[in-house]
Structure formats: structure tokens, C-alpha cells
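Note that chain A is present in both complexes that follow, paired respectively with chain B and with chain C.
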Partner chain A sequence: MADFGYSLTPSSRIDLNKADRETFGKLVKLEPDVLKCMACGSCTASCTAGVYTRTSIRSAILYLQNGREKEALEFIKGCMLCGKCTIVCPRAINTRQLVLSICKIYNLK
Partner chain B sequence: MIYEGKRKIWSDYQKEIPDDHYFYVRSCIRQSFFPASERTFLDIVKNKLQKDFFETEHHTTCGGIAYHSDAIPQETVMTIIARQFALMHKYGYENYVCSCITSFGLYTETLETWREFPELEAKIKQILWDTCKLEFSKPAYLAHASDIIYKYRNLIAARAKYKLIDKTTGRPLRVVEHIGCHYSKMFPSKGVGGAEYPYVLTGMIEAWGGEVIDYPERRHCCGFGFRQYLVRSNRGYSLSNTHKKFESMEPYKPDMIITNCPGCPYFLDRWQYVISEMEGKTYGENGHGIPVFTYEEVAGLVMGYDPWDLGLQTHQVGVEPLLDKIGIPYDPETKYKGPGNKDLGQPERPSCLK
Partner chain C sequence: MNKNVIVIGGGPAGLEASAQLQNMGYNVILVERTHELGGHLAKWDRLFPDGVPAKSVLDSLLANIGGVKYFLGTEVQSVNLLEKSYNVILSNGITILANAVLIASGFDLFPAEKKEEYGYGIYDHVITNADLESFFASRKDKQAVPDPRIPLQPQKIGFVHCVGSRDEKIGNRHCSKVCCATAVKQACEIKEEFPQADVYCFYMDLRMFGRNYEDLYLKAQKDYGIRFIRGRVSEVAEDIDKKLVVKAEDTLSGKPVKVTLDLLVLMAGMKNSGAGQQVGSMISLETAEDGFFSCRDSVYSLQKSNKNGIFFAGACTGPKTLPDTLHEARAAALTVHNYMKNFE
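Up next, the complex of A and B:
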């Protein structure tokens, strides 16, 4: 293919019509509080595992809402279930329980 | 829904367009990208519709490309614009119409800045006097040339030889309308229909028989972005913008694209070649691209102008499949013949795009 000295960046557009929202619906049924998240990032900022790995509950929730499960699960597989995020959440979401529920619904061991 | 409230909001985006007597200024880049568009515009309004449009060879570029590329400051641009207004005043006109969207945005920005900061207007008046010994007065009305064609769309439809309809099936052509960002995104009340629902091209398409496609990235920029394109290493941003639009409009199978900006038709047309060379992908039927037109070219086509007189041979994406669809006759032998049958030479064929 021709080289023009610049390249094409793939579109970052999220097509929710193509995304699988069914599994996220199951998660919402089990953990309705997931919809309370306002993506403030307190959980990520206080995360001990996040210092050394890509662990971020805020990002995981965002990616799950957009139907991008594979990327979302990457953000919680380093979680040690210490529960610090639950203490700091201003919306009082039981994030520790939420992580466990995500693992159950999305079959993450 | 509160209809009274909606009506009040909508009334802010209605644009009263004077019927006649305009001072016309050309675009610096449109004349090289789409050389026949402005000539066609003037021929339609002056000779076909018998309106009073005046142009002078003394006007210059508005300086928009240099301004948006950070090469010259705003006061320089304002002085250039003040000189154009001085020419309009000298020839006895009050209605100002420009061919270029960048110019239209810049004129609007300048007039709004002077309204907010009268001391700046006084300063520019002094600079213009010191440098050119000219005095200007602001136009009573500022229009973009697409506003004018929009205003006359029904007059053009009444004189039309062809409609934007597939002649074999009778189906209205599916048309993508693309509005230049500087038309109404900066000052929504200055464009027909505002920034969210600009009606200027939609009105033309509907009047001439086509069907407008509403697709997700309809209001997305073409990607010109001045510095995004002018600096070679940034051109990937420009290309990716256009690519995003094409990916979004592809499922709706558009027959053609109409634009009202100098940069948009250029990039929507030429990037189809680059995408085809880079990715091997084309967006039209049977390996063709989607033909891209300026609104003057489409007005000319429906009024029965010869496609090669409209300069359609300078487009990257071939227009012949669309001409066949509408039923517009053309002579393939004269495609690359200029005035006096002069041979213009033929461009190199792309490896992928038909």
C-alpha cells in the first residue's frame, strides 16, 4: 500500500448498536448501584494495586457500559479486594462487592 | 413539547436574505480547487436570474488561511477585511456576499469583534487610512454565496432540466449534505437553521428532488483544520476525520455529497483516493467513490450545464456513474479538452479507485 508520509488512525467511535449490552444488563440487575457511578475516579486514586498495575474500577465501569468487556476486565484483574475504594466512594457504591459481581457475571477468575 | 418555546428558539435561526444587489468576493482557494464553481454562480445569478451582482478585480484574499494557521495576527486580517469593505462602499453596495466559508466566518468574527470592542474598529479605521488612504463602512448585510443559492433554490428548480432522481427507478438520490464548520458553528444565528440544524443545503436538495441522509457523523468536521493539513506530519488527523465520516455514512449508501465550503469538497474528494491507496477501500458502488460536489456545480447540473464546463473533470472521484444515473448527457471524448479544444492532459489513474 502507498506511503504518503502520514497514516490513518482508526476511529475511536463506539457503536452501541453493535455492542453487547445484554451482559451489562445482567450486572445492573445484580448490582443496580453500578449506574450510580459518576466516574469521579476516587476509587482509582485510592487503589493500592493501581500503583503497580492498570487496575481502575472507574475505567472498568466505563468500558462495561460501552460494551467493551475485554478491555474492561483488564482493569480489574489486578484487584486484591482490599476494599479501600468502597470507603472513599462518594456515591457509597460497594465497589468491592461490585468487583466480585463483575467476576461472576463475566466469568473472570 | 412546548411548541411556542420551540418556535421562539427556531426564530433566532431564521435568516432574512436580501433578494438583490450584492458585492461579490471570490475565494482564493476555490478558484484552484473547483475552478468553474464561482463562474457558474455568477452566470446563474447574473445571466439566468438577472440579478445585480458586482465584483471587482481589486479585491484580495481575506487572509483566513494565514490567520487560522497562526501566520498573521487578527489586526492584520481585520485591516484586509476593512479594505474589502472599503471597495464595497466605493462601488455603492451595502450587501456583501463571499464565496468562501472561511471568509464568511472571518467576516462574521470581525464584525462581532468590532461590535464588542468599538475601540478596535476605530484603530483599524486609522490603520486602513494610514496604509491605503481608504475609508470603509460596514455592510448592511453579510451573506455566504450558498445563502443566495438557497434563496433562489425554487427559481433554479423552476428552470431545472434535470432532477436529483435516479432516472431508471424514479428513486430520489440519497444525498449527504456537508456544511463547512465556519458557516454556523462559530455564530449559529448567522447561518440558515443555526449550527445544529443548518438548512441551507438541505433546502436545495429537497427543492431539486433529492433525499437528505441523516447519519451519525453528519455534523463532524471534514478534517481540513488548517494546521492539521498544512503540516505534513499532522495530515493523519485530517485523513482520520474524513475516514470517520465515510465509515459513518457508508451504510446509508449515499449517491453523492454536496458541500458549501472550499476545503470540505476538496478533502472529501481527494481523501477517498488516499484511503483507497492506503486501505484498498472504496465507498461508492462497484469500486467507485462517492462523487463530491459544490452547491454551484449541482445547481449547474440541474440547470443543464455541460459537466465539463462545470469543471467536473478536475474531481478525483469520477462523476460519470452519477451523471448516468440522473441521465445527464456528456461526451467522454471532450472530458480533458479545454477552451478551443486544447488538450489538458490526462491525470494518472489510481491503482484502486475506479
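Up next, the complex of A and C:
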């Protein structure tokens, strides 16, 4: 391809029309509290792994809702299951359990 | 002693204040521009946070106005300050001399067609919060013609918060206060109506300030599965199937988002009532930058205007919830009562 001096990157747009609601529905069945997240970021801020990795539960939830499963899993890959986020979550979501359930539903590890 | 008090506006504020003043022994003359009492409340179906029927609140208000003289379909034609009292001429030819005038002229809903990019009045399936309430209210009436803009089985429904609010370009920098709670309430109600539908709320902040409002938000998330997307809708387009393609940014992930909807509900905000402002201009009442009337101060004397004998209740001094409005109406009645003591 000719070099125009610039290149295009793939669209970063989230297309909710194509988002997979079915698998997320399964997760909701197993962990109904996942819907309670209000994206406050306490989990991310308290994450012991988050300083050196991209670990962020609230982002994982958001990306799953947006149908970006692959990227969502990147956000929990670094989780060491220490449970600090569960202690700080103001909506009392059992985030540690949620991470395990996400792995189960989305076949991680 | 002249015990006349004129109340301008027959919505919740005017009705409640009239009832209280009548109860205190004043001759209350209530002036309403339209042909029914109740204002916006008369057109609403259910009220946040618990979904109380609007009609039951209106019935309570109407039950208490016995003895109040009211004129429907009547406008204020002129207001003149005599030595200490006001001479008010109504459009039905009646002239009233009163020591106190209570302005309870309320709000107008922001005309959503002004936000052209959302397509109200242009696309087939864009409605406002008020339209949705009319739809809910009309379901009990078997003869009512269903709103053709609302599909029979919508699969995807969106709510746009802050339409005509927090928007300098449209001339309204203020927050209209009630739309967040209304949107969350209506999102739950429409999910109940169409359980198969996915419901999205596009918000910038969720201002769930009142008692039980946060619970309503939690319920919407957990029990109704409403999807909240933080980002203001930037534009809406109609596709060939008359569906609505909505574009916003999901600011939580920092990525643009697109979704195709069957129905879009615009949460039109509040602005000062045009008819109320007309009355205000007759007595040169000051309005603030947001277009609502200026109170004597912002904390202690909210029911007083800058003019002796002119008082305020309700949304004419800024967006208010219904409980706020009723509190103000009672406070205004007491403020008028204290003022009237000067004439004894």
C-alpha cells in the first residue's frame, strides 16, 4: 500500500448492537451483584496488582457490558485474589468472588 | 381590612398555598391560565421515588381548596401598585384589589425540538418525558389513541438525560434537578411495560439527591437491569428502518459508543414559565441569569421577591421537585400571613 505519511487505526468504537448480551446474562445469573457497580473506582484504587498491571474490576465489568470480552479479561488477568477490593466496594459487591465467576463464565485460565 | 390574596397559577404550588391561606382566613382568588387545575401534575402518571399515582396527589390538593375562588382560562392583564396594595385586572374583566400577590406560575418544559440533533419532531420514534407520562396515563383509558411514536414491541429503548439542561448553548446552564430521578423512574416503568427490551440511560452525572432516590437507582440497576452509560448523546440519526442510531461517548472507557434504538426518550428540563414571566414583566420582577425569578436572598427569604407584597412559591424560582414545591407553598402562605399583619 502506498505510504501517505499517515495510517489508519482500527475503529475503537463500541458497537452495542453487536455486544454479546447472552454470556453477560449468564454472568448476571451467577453474580447478580455485578449490575450494582456504579464505576466509582474504589476497587481499582485499592488494587495491590493495579499499580504495575492494568488490573481494574470496574473496567472489566464495563468492558463486559460493552461486549469487549477480550479487553475485559485483560483487566482481571493480573488479579491476585487478595480481596482488598471487596473490602472497599461501597455497593458491597463480592468482587473477589466476581473475578472467579468471570473466569468461569468466560473460560479464563 | 382587605383580606384579599391573589394567587397566580393553579398548579401544585398555587393550589397548596391557596388552601393554606384560605384556611388562615384570607379571601383567596386563584387565577389559572389554562382550563384545568393541577398544572403539569395533571398530565403526569406516577411520581418518583415510589411511583405514587400523580392523580392521588392532585386529588388531595383539590380536596383542600374548598372556599377558594378560582378563575380558569383567565390571564392577568395588568398589575398596578397603588399606595400599598395591588390592583390586578384579569382577562375576564374582573378587577381585584389585594395586599399580597403570590406568584406560583411554575415552569415550562424545555421545548425538546430546540435540540435539533436529537430529532424530536423530526424522527418518528423520539418522544419526551412528558409524552411518555401521557402514554403511561393513557393506558387506563381504553378509548385513548396509542402514541404512534411508541412501537408496540420495542427491543431497545434509550433515555437522554439533561435535554435543555446544563447546556449553555441552548441558554440553560442550570440543572433541572428532577430529570435524573424521573429518567430512572421511567426507565424502570418502561422495562416493566416491555420486559424484553434493553433500556439504556445516557447521563453525565446521576443526581439522585433525595430520600430513597439512590435506592431507586440501585433498583434500576439490579432489579431492572437498566444500563447506565456515562456520556452525553451527541447526535441521533434515523436509519432506513426508522430506527434511531445514537452516538455518544462512553466516558468511563473513553471510547465512542453506538447503539441502534427503537425508541428514544428525551428528558426535557425546566425553564421559567413564559406566561409567568409575562406577569413578572408587568411589575418589573427581576429574573436571574437562568431565567427564573430572583428571590430576595438565596437562603433566608426564598418566598419573598424584591418587591413588598409580591411572593413566590414553587418552580417559578428554579427547578423543584413536587415535595419541594409543596413545602414552598406552605412557607409562602406563612410568609404572606406575616406580611398581612402589617395591615391590621
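The working rule: the second predicted complex is superposed on the first by the 109 of 109 C-alpha atoms of A that agree within 3 Å, B and C clash if a C-alpha of one lies under 4 Å from a C-alpha of the other, contacts with A are read in each partner's own complex, and residues count from 1 in each chain.
We adopt the following convention: a residue touches a chain if its C-beta (ideal position, glycine included) is under 8 Å from a C-beta of that chain, and two chains touch if they have at least 3 such contacts.
Just so you know, these numbers come straight off a predicted model, no measurement behind them.
After the match on chain A, would you call chain B and chain C a fit or a clash?
Chain B and chain C clash in the superposed model.
Please name the chain, chain B or chain C, that touches the greater number of residues in chain A.
Higher number of touched chain A residues: C.
Considering only touches as defined above, state whether A:S59 meets chain B (first), chain C (second), both or neither.
Once the two structures are laid over each other on A, A:S59 reaches chain C alone.
With both complexes overlaid on chain A, does A:N107 touch chain B (first), chain C (second), both or neither?
The answer is neither, since A:N107 touches no partner chain.
Looking at the overlay, does A:Y6 come into contact with chain B only (first), chain C only (second), both, or neither?
A:Y6 sits against chain B, while chain C stays out of touch.
Is there a shared patch on chain A that both chain B and chain C touch, and which residues make it up?
13
Sort out for me which residues of chain A touch chain C in the complex.
By the definition above, chain A touches chain C via 12-17, 21, 28, 32-33, 35-39, 58-59, 62-63, 65-66, 91.
Inside the complex, what are the residues of chain C that reach chain A?
198, 200, 217-218, 221-222, 225, 227-228, 230, 250, 252-253, 255-260
For chain B, which residues are in contact with chain A within the complex?
Within the complex, chain B touches chain A at residues 216-217, 232-237, 239-240, 243-244, 247-248, 274-275, 277-280, 351.
Which of the residues in chain A come into contact with chain B in the complex?
Per the stated touch rule, the residues are 1-2, 4-11, 13.
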